[in-house]
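In the two complexes that follow, subunit A is the common piece, with subunit B as its partner first and subunit C second.
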Partner chain A sequence: MIELTNVSKTYKKRSVIANISFTVPLGKIIGIVGENGSGKSTILKMIAGLLQPTTGTVTVNGENAHRRISKHVSYLSDRDSFYPFFTVREAIAYQASQFSDFNLAKAEEIMAYMALDPDKKISALSKGNRGRLKIVLTLARNVPYLLMDEPLSGLDPMVRHAIVKGMISYLDLETQTLIMTSHEISEIEPILDSFIAIKDGALVRKTEVEHLHESEGLGITDWMKKAYLE
Partner chain B sequence: MDEFNSSKPIYLQLADRINRLIVSKELKAGQKLQSVREMALSYNVNPNTIQRTYSELEREGVLETRRGQGSFVTEQEERLIQLRGKMKEEQIETFVQVMREMGFSSDEIVSGLRDHLLKMNKGDESVDRID
Partner chain C sequence: MAAWAASFKKDFRLTRSFFFVGLVMNLMILSLTLFITHGDNLYPFIPLLAVVALHVFYLPLFLFTSLRTEAGHLHLWLHNPQSAAALLLSKILNGLIMTIISLIVLYAMAGLLLISRFHLIEPHWTDTWMAGWLIFVHVILISVGIGVWVILLWSLYHALKYRIGRWNWLVILAAVILPSWIGSLFDSSSLYKMLTQWGSLEMNFPTFSIDPIPAYAGEYLYHFIITVGLFYLSAWIMDRKAEV
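Coming up: the complex of A and B.
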């Protein structure tokens, strides 16, 4: 389980996250939604142990989320962090050398599914293919928690579709949870169990998507239009 | 890609689609359904949602899950006849409700429906005539 308890984060006196608490169990796909700069990425980075809360606690499987929490957590950054001189296969081998839980066979499978050419240099990959490669590197780790910061952002509809399919195919919901941030809400909504809505660093709502459909007859985007304009 | 209506839970919309496939016999009694993951991929939805759909249909006796083998359409004839009746009833209810909202009387609805079916049946002799 991931657990945030009264978490706040301030940068130079500016509040970025304000007293957020929530828990996320195993076996779910969760979306974090909200406007640009609302603090979504900060939350993911704190769970990944890349940032520390100013006050409050973040735990993963009961352990405080410090840098070494990466043994339980696979994190996809919204930036590209590849060595451009690697080929696709070398980037995969490098990831395997960094994480003992990396499943090479699964990586090969996802790579083929995503129609990535293993011999192509990263510097020669299109943005769409770099997006696909990031998914391969994140999804091929055998860890309970996967965090993806804007995995669909800036990619064309075909690539976004392929990535969503890849998530359905290769995420193991018996043993894993995926938390992602995204603005492509209509595309991720059908695969989300729950969503967490953030506004100005505060939690607006955390609920099951099906519950929103059932109780209010709304999709996430329509609900946000109402809730965020208040 | 399949679109879902956000005014109703996706798992129920999927259950409805499966029920229709069963009534139209595209899915036959005793036939095996796709695995949860395959079904999730064909509809682009969360596998947990499909699991919920299957559980719901199992609870209603439309599907049977055999351990380690997957989910199958029930072979209980009676249950399938019931399902057929229920689906028909639901569809008629929706239709009648819309017609009533527009102010059509029962006679208008019946005669309109009869005329429509007669028109459709012309050139299709195999369909039973409506009196």
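Coming up: the complex of A and C.
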């Protein structure tokens, strides 16, 4: 289980996350939604142990999250960065060498699904294909928690739906949880079990998507328009 | 071990241009030396010796270059189950191998220049040979010592960049000046002498007209412990405090 307890994060003097607490169990697909700069990426980085909370605690399976929590967590950054000298195949082999839980066969399968050329240099890939490669590298790990920060960014609208569908099929929802942020909320909403809404670093709502549909008759985007703008 | 070996190969590819540029610079310095020096004298060795001495900065510069490249996509490097010590050792070993190869190339160049001038140093050959080895070893030792400081300051910077903001560089500066000042005070104390001045390794060069150079095994051990301590402190900061 991922557990955030009274977590705040301040960059220099600017508060980015303000006293947030929530837990995430295994076997769920959870979306973190909010405006630009609301703190979504910061939350994912704290769970990945790549940022430290200013106050409060972040634990993954009971262990304080520091960078070596990567043994339990697979993290996809919103930044478009790779070692550019690798080919797609070399990037996958490097990831496999670093993470003992990396499933090479699964990576090959996802790579084929994503229509990536294994011999192409990363520096020669389009932004969309680099985005696909990030998904391959993250999704092919057999870890309990996968964190994806804007995984659909840079992908053509025509293929987003297929890629989201693919992402689901490669997840093992009995043993894995996927937490993702995305601005393409309508694309990811059908696959989400629940969502966490953040505004100005504070937790606005954490609920089941189905519950939102049933109780308020709204989708996430419509609810956000109501809750954030009114 | 396979994970570390893959990191090692990746680190080499990340910084190989640094290595090849260094080798080309060595060749350029040799060419320049041959171009500007003439006659049967030892002047061509002066620039080569200067470049050998400058190799104390080779590993620190290499580490700075490598770490600065990683800083451009820090999550890629730090989102990794290997310990920071292992990740850093991969870089240090890459840099050390490159330093040693670069020094060997320079020494080989010096050897080639020496063939026709051997008669000039023949009476001092044993001492020259010994001095050459000692310079080689000490350049590497000093280089590692400074390199570990580069790593420490880099990890401190990445641990503090979101906490302190614009005063970050002041803290980094203080992290250099304060320990250096305390270190120099300690080095001149009688406690330091008592702790380190054992196991004399005095270096004698009878055919050079210079006094014997005092050295102690205790001093080497002291600096080794300090270097290892600073390395593990840097690794701890990277594992627990550095932020992306």
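Going forward, the second predicted complex is superposed on the first by the 229 of 230 C-alpha atoms of A that agree within 3 Å, B and C clash if a C-alpha of one lies under 4 Å from a C-alpha of the other, contacts with A are read in each partner's own complex, and residues count from 1 in each chain.
Quick note on the criterion: contacts are C-beta pairs under 8 Å (C-beta built on N, C-alpha and C of every residue); 3 or more make two chains touch, one makes a residue touch a chain.
Keep in mind it's a predicted model, so treat the numbers as computed, not measured.
When both complexes are superposed on subunit A, subunit B and subunit C end up sitting side by side without clashing.
In the overlay built on the shared chain, the residue A:Tyr75 is in contact with subunit C alone; subunit B does not reach it. Here the apex is the CA centre of subunit A, and the angle it makes with the centres of subunit B and subunit C after alignment on chain A is 160°, in steps of 10. Looking at the shared chain after the overlay, A:Tyr94 reaches subunit C, while subunit B stays out of its contact range. Judged by the touch definition given at the top, the superposed model places A:Lys12 against subunit C, while subunit B stays out of reach. Of the two partner chains, subunit C is the only one touched by A:Leu50; subunit B is not. Once chain A of one complex is fitted onto chain A of the other, the partner contacts of A:Tyr145 are absent, as it touches neither subunit B nor subunit C. In the superposition on chain A, A:His66 contacts subunit C only, with no contact to subunit B. Contacts of A:Val164 after superposition: subunit B is touched, whereas subunit C is not reached. By the document's definition of touching, neither partner reaches A:Phe102: not subunit B, not subunit C.
Once both structures are overlaid on their shared chain A, subunit B and subunit C have a minimum Cα-Cα separation of 28 Å. For the contact definition in use here, the subunit B contact set and the subunit C contact set of subunit A share no residue. Across the interface of their complex, subunit C is touched by residues 10-13, 45, 48, 50-52, 66-68, 70-71, 75, 77, 79, 81-83, 85, 93-94, 97-100 of subunit A.
Considering their complex, residues 2-3, 5-7, 10, 13-14, 72-76, 78-84, 162-165, 238-244 of subunit C touch subunit A.
Across the interface of their complex, subunit A is touched by residues 1, 4, 6-11, 37, 40-41, 43-49, 52 of subunit B.
Residues 27-29, 161, 164-165, 168-169, 173, 189-193, 209-210, 213-214, 217-219, 222 of subunit A are the ones touching subunit B in the complex.
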